[in-house]
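Letters A, B, C, D and E name the chains as they come in the text, with residue numbers starting at 1 for each one.
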Amino acid sequence: MVQLPTWAALAPALALGVTALALLLIDSVDPDTTNTGLLGGVSVAGSLVSLAFAVWFIFGGTGIPQSEGGQGVATLFNGQLVVDQMALFFMIIVASVTALVTLASTDYVREHAYQAEFYALVLLSASGMAILSAANSLATAFVAFELVSLPSYALVAILKDNRGSVEAGLKYFLIGAVSSAVFAYGISLVYAATGVLRFDAIAAAIDSGTVQTVADGSIQAQSAQVPASILGVGILMVLGGIAFKMAAVPFHFWAPEAYEGSPAPVAAFLSSASKAAGFVLAFRAFAVAFPVGALTASGDVISWFVVFQILAIVTMFVGNFAAATQEKVKRMMAYSSVGHAGYVLIGLAALSASGDGMAFSMSAGMAHLLVYGFMNTGAFLFIALAEYWGVGRRFEDYNGLGRQAPLACAAMTIFLFSLAGLPIGGGFFSKFYLFSATLNVGAWTLAASLVINSALSLFYYSRVVKAMWVEEPTGERSIDSYPTGLYTAIVAAAVVTVLLIPGFGTVSDLAMRAAELL
Amino acid sequence: MQSAPLPETLAELLGLDPNNTLVMIVMSLIGAALIGSLMMTNTALAGPWAKRKITAAFTDRIAVNRIGPFGLGTIPADAVRLLSKELIVPEGVDRPAWDLAPLIIASTALLGFAVIPMGSGLHLADPEVGLAYVFATASMASIGLIMAGYASNNKYSFLGGLRAVAQNIAYEIPLILTGASVVIFAGSLQMSEIVAAQTQPLIGPLPSWYAFVNPFAFVLFMIANLAEVGRNPFDIPEAPTEIVAGYQTEYSSVYFVLIYLGEFIHIFLGGAIIATIFLGGPAGPGPASLGFIWFMVKIWGVFLFTQWARSAIPRVRIDQLIEIGWKGMLVLSLANLLLTAVIVGVIA
Amino acid sequence: MIPAQWYLLLSAAVFCIGLFGILTRRNALVFLMSVELMLNAANINFVAFSLQHGNLTGQVFSLFTMALAAAEVAVGVGIILVLYRNFTDVDVTKATTMRW
Amino acid sequence: MWIAALLAVTLLGSVGVMLTPDRYAGKVAAAVSAVPALASVYMYYVFLTQNGGAGNALLSPEGIAFGQQVPWIDLAGYSISYYVGLDGVSMPLLTLTTVLTSLAIVSAWTPISERQSQFYGLMLLMEVSLIGVFAALDFFLWFVFWEGVLIPMYFLIGVWGGPRRKYAAIKFFVYTNVASLVMFAGLFALVFNTDLTSLALPAMAEAFRNASGLPEFAGIGLATISFVLMFVGFAVKVPVFPLHTWLPDAHVEAPTPVSVMLAGVLLKMGTYALLRFNFTMLAETARALAVPLAIVGVVSVIYGAMLALAQRDLKRIVAYSSISSMGYVILGLVAFTPHGMGGATFQMVAHGLISGLMFMTVGVIYNTTHTRMVGDMSGLADRMPWTVGIFVAAAFGYMGLPLMAGFAGEFLIFQGAFDAATLGSAAPLLTSLAMFGIVIVAGYLLWAMQRTLFGGFHLETDYEVGPAAFHDVAPLAVLLLLVIALGVAPDLSYDMIQHAIAPLTGGGA
Amino acid sequence: MSNPWIAIGALAVVGLAIPVSMMTVSSLIRPRVPEQGKTATYESGEVPTGSSQEIKFNIQYYMVALLFVVFDIETVLIFPWTVIYRDAVGAVGMSKILLPMVAFIGVLVVGLGWAWRNGAVRWVRSPRATKGADTYE
C-alpha cells in the first residue's frame, strides 16, 4: 500500500468538507436555478468518496502499530487530532449515513427553495462529525462539536415557512446553545484543574496528580497539584455537554421535538450520525482522558461509570416507555432513538471500578451504533417517504400501506424488527453483544433493563408493522409516484441491515480491535 | 526612539518614584489631562473654525472673519453660544440611552489617543496590544451612534443610526485587515514597535514608512478611514439632504456639542492611527524633540484630506456604499493581506 | 498577582447569572445573551488559568470560543428571525404547536 | 452442503414467489416447495439406507449426517459458526417439515384468494426457518431460525386469518417472543457460568452435562433455575398447560394451511427444543425433575382432552386435542427410557402428520360448508365421500387405532413410561391417567363424527354441496398414506430415532 | 515599565470628565423655557405620525450585521497569525505558515462569494422591489 502523507489520514473528513464548499460554489455560479440532480449527485459522490477513504484506511491498517503490521496511528497537529481505528470506524458510520440521507433527500427536497444550502449544511455537519471522531483534545473536540451543531440547527429549521420545523429548530438551538455553553465551561474547569486540553496529557495529569503542560508536543509535569473537586465538576459538565449530543437523559428533551418537527431526512441524519458523533467523543474522552481507574484511585473524584450506569438505565426506560405511549410514528421513533442511546451508554457503563471490560463494552457500543446507523436511518427515511406521499403522521395513517408499497414496507419491517432485536437484522447481534458485555462484568441491573426494554420495544415497533400489513386501509390514499432516490436509499439500508447478520463478525472484529487499540 | 511613556517621564521630572503605584496614578492623571486637553484644543480649532475656513475656500467664499484675528474668536463664541442654548428633550425619547449616547461618542474617541506615540515623549501608555486597543476604541463609537439613533424616537435619527452602523461595520473589516497587513511587516501590535519599524531608510532618503512600502494598503486604509469617520463620500448617516441630520437630528445644546466634538476627535483619531502605522508616527527631519510637530502636521494633513473629500466628492447611495464595502474593499483587503504575507515571506 | 480562586469565583458568578437568565427569561434574544454570558464565563477561566499555568492553550481556546459564540449568534438570530415571522413573537414559550 | 442447498433453494424460491403475480403464485410455490420436499425425502432415503448418522448429533459427533461447519462470528469470546447437521431425531422432523409445507401450499389453493404471492412467499420463508431450526447445530444459528419462524407466522395469521386475527396474531407473537426471552436468559445464565468458547450445540451439551460448581440462588442450583426457565420458554411453543392459551386462538383464526403448519410442525419445534436442550444438555436435572414434569404432561393430556370435549368447533376440537397429544410427548420424554423417548420422538412425527391431516380435512369441509360448528351440519358422508372417508381414517389414527402412526407412538410412550425408573412409583399411576386421555379423545372424536358426517344430510346453504376438488383431496390422500405407512412400518423412522436417543437413555436401542 | 493600563484608565477618567464638566457648565448657564410643541419630534415641520419604534426597515441591515459578526470574528483569528508571521517564516518556512491561512481565507472567500451571489449584500432586495421567489422579508 502506498505511503500517504500524514495529513492525508484526514481524507474522509476533508472529502466531506470539500464537497460542502464545492456545493456552495456550484450554487454561487447560478443561484437562481437549482439543479437537484447535480447537487444531490455531488453530495452523494462526496460522501461515498469519504466512505471509500475510511474503508480503505481502516483495512489498510491505519491506527494499528507497525509492530502488528499496520500503518501506525496518524497523529496530526501535535496530537490535537489522531486518526486511529476508532476514528475511522465512526467515519464509516458518518459517511454511510450521510450518503443514505443525501441520496434520499434528492427526492425529499426536490421542491425546496434552498437545496444547495441543505446539502452543504448536511455535509458540513458530517465533516464536523468526522473531525470529532478524530479529535484528541478538548479544544478540537469543542470546535468540531460546534461544527456539528450549528449546521444542524439550521437544518432542523430549514422549512422556514413551517411552524413545526421552525419551532423544532428553536428548541433544538436553545438547548444546544446551553449545552455547548455548559460543555465549554466544563472544559474550562478541566483546563483550570489540569492545565492541558489534550486527552493523553489530561490522563497524565490525573495519573500524576500534578498539573501538566504541553510544550512542542511533549507533556511535561508542573509542580502545582490537580484540584480534584474542580476536575470532578468539570468532568460532570463535559459529560452533560456530550449527553446532549447523544440525546441521553436528562438532555433528551430536544430530541422528540427536533426529530418530529424537522424534515425526516434531517431527523434520520441527526438521530443516527449526530448521536454517533456524540458517542465517539464520549468514548474517546472517557477512555483516554479520564481513565476511571486513575480517577477512582485519585480519591474523591467521582468514578463516572456509576453515573453512566444510572444514565443508561434511566435513558433506556424513559426512552422506551415514552415511545410506547406515542401516537405519532415519527415521535415514537424519536423516543426509541433516545432508548437506543441508553443501550449504547452501556458501552461506557458496563465496566468495573478498575476500568476492566472497557474495550469489550465499548466495542459492543460501537458495533450497536454502526448497525443502528443503518436500521434507524432506514426507518426515518421510510417516514420521509410517507411524508413525501402525504401519508399522515399517526399509526393509523399507515394502515394498509403494505398493499400500496410492499417493497418499502418490507424494508421498514426489517428495520423495525431489527431495532427491536429480532434476528432479522444486525440489531439482534449488537444487542446480544451489549447484553454479554453487561454480564461480562456482572452488571445484572443493566442486563435486566436491556432485556426488559427490548421486549417492550418489540411491542411498539410491531404496532407500525401491524398497521402497515394487518390493518385495512382507512380512507382514500393515492400513491402515484415511487421516488427513485428514496427507494434506493431505503432498500440499500435494508440490504445492509440484513447483510449485517452474516457480516456482523467483521463489524465486531473491527470494533473490538479499535477499542483495544484505544 | 523608544521613549519612556509620559507618566514615567513626568515622575522623573518631579523626582518621584516611578514604581510607586499611587505616584503613577497621579502622574497618569496629569498626563491624561495633558493629552485630553491637547486633543480638545485640536478639535476646538478644527470644528468651528478650520472646517468652515476650508469649506469656504473650496466654495470660494469668505467665512468666519468677524470675531478676532482670522475670526479665531469664533471658537470661544461658538462654545458659549452652544453651551448656553436650551436643551430640548423631545417626547418619547428613551432615556437614559438618549443622554448616554453623546457621552459615549465623545469619550470613546478620546480613549484611543492613550496609546498613540505623539513624539517628544508624549506617549501616555504603550501596551503590547496597542493597535488592537486603538481599533477597539475607534469602533466603539458606533455603539453611541446606534444608541443616539434609536433613543431619539425620530425616524430620521433611527435611519441615520442604522446607516451609521451598517457603514461602520461594512468598512471596519477592511480597515482592520489592512491594519493587520501592516502588523505582518512590523511583527508586533505595540505602537512603539510599529513606529520603530518604520525608521530605517527604504530607498535613499525615503524612510520605510508603510505608506511607501505598501501604498496599496495605505490607499485602502485611507478610504476605509473616510467611511469610518463618516465624511464624504461616506456621509450618508447624516446626509442632510436625505435625513436631516441623521442620528443627531434631535440633539441640541451641549449634547449637540458633544456629538460634534466626538466626530472631530474621531477624525483626528483616525488621522493619528494613519500617521502612526503608515506615516512613521512622529518621525521626521530634525531632532526627535520635533517629533510632536511632525505628528501634528501629519494628523492635520489627514484632517485636511477628509475636509477636501467632504467638499470635492459627491455622496454615494446606501446600496453603493454596501456594495463597495462588501464586494470591493473586503475582497481587496483580503487580497492585500495575502499579498503582503507573500512579499514579506519572500523578502524575509 | 491575584490568586486563581478569585477568577474561579468570578467566572462561576457570571456563569450562574447566565444560567439564571436562561431559566427565568422567556425572550429568545435575552436567552441568547445569557448563553453568551455563560460562554464568556468559560473564557474568564481560560484566560485566567492560561496566565496561572503559564501556557497559551487557554487563550487560544478563548479565541475559539469567541468565534464559535459569534457563529452561534449568527445562526440563532436567523432562527429567531424565522420564529418571529411564523409566530410574530420571540417568546420561547409561545411556540408550542408541534404538529404539521 | 445438502442443507445449505435446501435453505438456499427455499429462500430464493420464496423471494421469487413474492415477485410472481397472484394468478400463478400458488402453482409456482407448489413447484418450488416440491424441490426441498423431494430432496429431503432423498436425504431421508440416504440416511435410512446408509445410516449415516448412528447416534446423537449433540452427544456423539459421529452421529451427524450432512454436516457442514463454516466459522462465522467471533463474538465476545464465543466463536459462532454456521454449523448444521442431522441425526435420527432431526431427520424425520426435517422431512416432515418439507413434505407438510408443500402439501399445505397445495391445500391453500382453494381458501387463499387475496395477496396470494405474499402468502406463498411467507409460507416458503417459514419453511426456510423451520428447516434451519431442525438442522442447525449452533446455538446462534438455531436461535436466528427459531425467531425467524415467528415473523412469517405473525403475518400469516394476522393478514389472512379469521375475524379475530389481529388479536390472535399479537397474542401468538407476544407469547412466543417473551418465551424466547425467558429461554434466552435461562440459557445464557448457564453459558456465562461455564467456560464455553464456542456456542455450537455439541460444545454446549458437553459443557453443561459436566458443568460443576455452578452458583446457587436461595439454595437452588443454577442448573435447575435455567432448566425451569428454558422449559417454560419451550413449553409455550409445545404448548403445555397452563401456557397454552395462545394456541386455540391462533389455530381457530389462522387459515387452514397455516394451522396445518402450526399444528404439524411449529408445536414440534417446542418438543424438539425440549429434547435437544433440556433433556440432552441438562439430563441430570431432567431426571431429578421427572415427576413434576410428567405431572405437567399428564395434566395437559387430560386438560386438553377435557377442553376438546367441551368444544363445538371442529377446529377447536382438533386444536385442544393436539394439546393433549403433545402431553404424551412430554410424558414420554421424561421417562428417559428408550421406548419412552423414542416413542415421544416418533409421536412428534406421527402427530405432525395426523394433526396436519385433521386440520386439512376440516379445512376442506369448511371450504365447502363454510361452517365448522358441529351442530350446523350432518350427514356430509354422502355428499363428499372421499373427504369424509379420509376424515374418519384420520380420526381413528388420532384415537390410536393400530396400524396407524398414532398407535405406534402412543403405545411406545406408554410402554416406556410404565417402567420408567425416573418416575419411580408414580409411573403406573401417571401412565394410566394418560391412557385415560385416549378414551376421552375417542369419545369426542366419535361424537363429533357421528354428529357431522353421518345421518341424514342437513346444512342450510343456498348452493349444492358437492365433493371437494381433486387438488383439495390429493394432499389428504398423500398424508393418509404416510400415516398408514408409518403405522405399518414404524421402523422407517423408529430405528434412526433409537440410534439418536440411545446416548441419552444410556441403554442401547 | 509600569502597568500601561493605569495610564489608559486615567485617560478614560479624563475622557469622561471633560464631557461631564461641559454638561454641568451648560446645565448651569442654559435657560429652561418649557413649551408645548417644542418637544415634538422633528419631521420636517409636519405633525409627527406614529412612533419610530414600529417602523419597518430593510431586512438587509440584519443580513449585513450577521455577515459582519462572522467576518469580524475571523479577523480575531487572523491577528495572532499576523503577529507571529514574520518570525514563523524564518522558523518553519513560508509555505508551512502561509498555506493554512490561504486555506482559511479561501474558505472565507467561498462563503463571501456565496453570500454575494445569493444577494446577501445586494441592497435593492426589498419585498416591494422583488416580488416572488426568495425575498428576505
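Keep in mind that, in the parts below, contacts are C-beta pairs under 8 Å (C-beta built on N, C-alpha and C of every residue); 3 or more make two chains touch, one makes a residue touch a chain.
Not measured: the values here are computed from a predicted model.
The set of chains touching chain B and also touching chain E is empty.
Between chain B and chain D, the least number of touch steps comes to 3. Closest to the middle of the protein, by Cα centroid, lies chain A. The chain with its Cα centroid farthest from the Cα centroid of chain B is D. The mean-CA centres of chain A and chain D are about 44 angstrom from one another, to the nearest whole unit. We define each chain's centre as the mean of its Cα atoms; on that basis chain A and chain C are separated by 25 Å. As a whole-number value, the distance joining the C-alpha centres of chain D and chain E reads 82 Å. Between the Cα centres of chain A and chain B there is a gap of 52 Å. Multi-chain contact residues of chain C (touching two or more other chains) are listed as 60, 71, 78.
Under the contact definition stated at the top, not a single residue of chain A touches 2 or more other chains. Shown for chain E are the residues that touch two or more other chains, namely 72, 116.
Applying the touch definition to every pair of chains gives A-C, A-D, A-E, B-E, C-E. The touching residues of chain A, counted against chain E in their complex, run 21, 24-25, 27-29, 31-32, 113-114.
The residues of chain E lying in touch with chain B in their complex are 1-16, 18-20, 22-23, 25-27, 29-33, 38-44, 51-53, 55, 57, 60-61, 64-65, 67-68, 71-72, 75, 78-79, 82-87, 89-90, 94, 97-98, 101-102, 105, 108-109, 112, 116, 121-124.
Residue ranges on chain E touching chain A, taken from their complex, read 107, 110-111, 113-114, 116-119, 133-134. The touching residues of chain A, counted against chain C in their complex, run 139, 142-143, 146, 150, 153-154, 157, 160-164, 166-171, 173-174, 177-178, 180-182, 184-185, 187-189, 191-192, 195-197, 211, 213-215, 222, 224, 230, 257, 260-261, 393.
Residues of chain A touching chain D in their complex: 360, 364, 403, 406, 413, 417, 422-424, 428-429, 432-433, 435-437, 439-440, 451, 454-455, 458-459, 462, 466, 469-471, 501-502, 504-505, 508-509.
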